[in-house]
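Dropping the structures in below, format is structure tokens.
Look for subunit A in each of the two complexes below; its partner is subunit B in the first and subunit C in the second.
== the complex of A and B ==
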């Protein structure tokens, strides 16, 4: 019994290792192909580096990373400080949105009348590009930092809200019936039954919202703010350093991936039902 | 279905009566409005423009797209389109509007544009490859001299009196390769400030900066005069200094074409220079400024409030502190590309580390780098025929110090 299960386990590990190896080789091949196509496309141009080549972008990446920790306000910041500024805005706007959207979602999910009353408003505001809020935010808040956070807030709010409501609807009615039979109090019903059962929906909402917010912050910072990844892209473009834009794309992408993976870890913390 | 509420005979009568009355009263106004609109949409309604030079009949190419950014600096080009001057010289020019200089730079280097308005330092940077994107270029004209200023937010009126007062402020600039950037930095130097360390310099879209000033997002900006005047009109800022008082008759924007374009279509190139040169000198005449302002204010061209444009072009303006000024040379349109302009810009670009690591030291290195780009010969041929000045200047007075183009490095040490 034990030996056969050990063998099965070992075979599983071997399969998994083979799979990983294949995937890694596939990755290397695809990556090389992308670089090759990039090189082919850009060598066709004789434009003094307007279209960035892989080599020039690599060189610029090294430059940007070697000055990553420069802190020389108000005009000279290394990439690390741009990144930190963006992440900080992201965190504040995102947490504010979560704090507002999760309780509201729980209320709307459990109260049909309130839900149907607010639904038209939510459905109208939801598809609006968060960037459209930027001029409004600037006019109302009169502060670029607050406006950037407001845009992140608007980008995250609807996604978290709708996923939370959806999560409540997916709660197994058996639990609710049971809670009713046991005459659970409102607080017990909400915090001990509905909230835990809704967590998967909430985490999905948080995860989608975070990647959307990261997408938006870079665009918002191109218009407001003096530090951040968006400001970096905007300034480098206006200095006509196109190589830097590639560097920024890589960094923004990698950070986005890390953010997504770290919030995905939350899924593992949720007890499966 | 019958409408539940039919108007009674009396109501119907009174409504018709009202309509008749209304139409009678507004007929005159309506007619006037119609005719005004008609003259606005047909620029040919200014029959007084007679081309000074002959139009060439051997043009290699008649249809050309010219790029521009909607600012007062573009006036000679925009006016040439608005008054049909291009057509009088046998050209069919369509203007393409850009909202930012980086887009325009990219479009030009990518070959989407062959002729365009540029900020004066841009052609040298593009030709010599100071940044991403190189294309050989010829810069025959400076489209305008002066015509810019530094505007400061109204809330700082009691605080900002001179360059030394900009410490810690956020100053908006339109582009790295702009006279605004170069002149503003040297202006700050004269106040004993280090522009990199002591002032928060922000590159923004010019169109966003008046709003940014209004909401306290910027403390000041250095921009073409329409934005300075707009900030005054909106009551959000005051004009701290006109760049004319930093460097009298300094270059601002320019007209340039791709080298391959000029080489392939020499007659078309000449015709473009004749049309733009003729247009520039026409609007340089103070008697034509008000008319030009109303023509170019239309949305097809600059799309600006007419009083703002009139205040910029006529030089009769309020500065936002309650004072009224009359400065006819607030903006000028003498197109000759003086070599002294180019040498000063090159020296400034080098001092602010904007030459991509290229070094210019001897006077002849400077002179060659400038004359590679400035097409003084083509400009001279056209401008002499138009009776405009084409004499090179032995020196310039910039920020109160004498700039000698044969010894550029000496100037910045005087500051």
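== the complex of A and C ==
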């Protein structure tokens, strides 16, 4: 009995290891293939470094990382400072959006009349690219920093709002019946029943919003701001330094992944049955 | 009988009157589905009444109306002479599916019921003691700090029962509280319910599918006919002395007689339903 179950356990572990090994080999092969195709595509255009070859990009990555901590205002910043500037804007805009959207979502989710009154406005503004708000922000705020944050705010707001409302609609109606039979006060009903039950929807909203905001900030920074990943990309483009842009793409991707994974951890905090 | 004893020594705080209520729902596609025909009955203070009937006949709907969670299309429900227009803490409910808040522990769930309305005559310590008392009554003191997800189905249902009792409502409405449980747990909890109901002078209205459960627990059984437009087609007094003991009860010839009678009434209801061309799956949630 014991030995057979141990054997089964061991076999399970072995299967999993075999699976991981296969997946890893697959990854290496695909990665090599991509580099190979990249090399093929770019060698024909060897015109003084404009087309980024894998080797040149690698070279540039080393350079960028070795000067990552350079800090010579006003124009010469290492990649770390660009990254920090982007992350800071992202954090401010994102937190402001969450602070506005979550309470508003709870109110709209629990108040049908208010929801139906505001829904047409939300539905029209939601599909608008956040970048369209950039000129509006510049005109109203007259400050590039504030405008970048405003764009992030707009990018996150609707996503968090709609997911929060949706989360409220998904609250088990029996919880609401329970709150009614207990004559729960508004505060108890909202904060001890509806809010916890809505958390999964809210976390989904935060997660999607953060990814979207990270997409948008890079684009926004190409236009406004004197520091940031977008600015870095724009400056390097103006310097015809395409290798740097490959480096920036890799860094933006990795940071985006880390952001997404860390906010996904919030899902673990919610107990469900 | 017990209810007479209780009602003579106490005010009529837990008496319920159901007067000519009807209820229907608009189905998708526009057809109107009459769930409850005209239903009237009274439940005395301290009485234990069971509603039994085929699946989908409208038992839960009736209980929800009594609880104030649904409004009847016609007629009204009166608690101690006052119309019931909204849910109230005087009408405790144990739901068909247990409704515990998954982010709270067993004890916190009971405490939430005690504190939800924002005012309490008790201090925090007294509420705590009360919650522990009722969890002990359902043998869950050891599990008080576990979340619902960590409890078995039977334990979850017992927390729901403890919560409803802790509320100290005048009336307890129980919608198949033991319906989703295995036979053994169910048997065990029925025993606990007999004990609790005999030691608590409250009014009980229980919905169940089980004839034996009805006979064991109730002073009176109302048999609902199969829908649509269900009505009370039978009313049975269960005369067994209290405290009741299942073994002695089940051995008495009177019990077998009542049991046969009830089963008869129930099957008659379903046969009528079939003749009325009602799809069998109809009304199942």
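Some notes on this structure:
Operating definition for what follows: the second predicted complex is superposed on the first by the 257 of 273 C-alpha atoms of A that agree within 3 Å, B and C clash if a C-alpha of one lies under 4 Å from a C-alpha of the other, contacts with A are read in each partner's own complex, and residues count from 1 in each chain.
Note that contacts are C-beta pairs under 8 Å (C-beta built on N, C-alpha and C of every residue); 3 or more make two chains touch, one makes a residue touch a chain.
What you see is a predicted model; the values in this text were computed from it and never measured.
With subunit A as the common reference, the superposed partners subunit B and subunit C fit together side by side. When the two structures are aligned on the shared chain, A:196 is found in touch with subunit C, with no touch to subunit B. Once chain A of one complex is fitted onto chain A of the other, the partner contacts of A:150 are absent, as it touches neither subunit B nor subunit C.
Superposing both complexes on chain A places the Cα centres of subunit B and subunit C at an angle of 150° as seen from the Cα centre of subunit A, in steps of 10. When the two complexes are overlaid on their common chain A, residue A:81 makes contact with neither subunit B nor subunit C. In the overlay built on the shared chain, the residue A:142 is in contact with subunit B alone; subunit C does not reach it.
Using the contact criterion defined above for the overlaid structures, shared-chain residue A:133 touches neither subunit B nor subunit C, since it reaches no partner. In the superposition on chain A, contact of A:187 is made with subunit C only, not with subunit B. Least inter-chain distance for subunit B and subunit C in the combined superposition, rounded to the nearest angstrom, is 34, based on C-alpha atoms. Comparing the two interfaces of subunit A, the one with subunit B and the one with subunit C have no residue in common. Of all the residues in subunit C, the ones that touch subunit A in their complex are 67-69, 86-89, 91-93, 95, 97, 99-103, 112-113, 115-118, 147-149, 167. Interface residues of subunit A, counted against subunit C in their complex, comprise 172, 174-175, 177-185, 187-189, 192-193, 196-197, 270-273. Interface of subunit A with subunit B (complex): residues 47-50, 52, 72, 74-76, 135, 138-139, 142-144, 223-224, 226, 234-235, 237-243. Across the interface of their complex, subunit A is touched by residues 100-102, 105-106, 109-110, 125, 129, 131-135, 170, 175-177, 196-197, 199-203, 208, 211, 215-217, 354 of subunit B.
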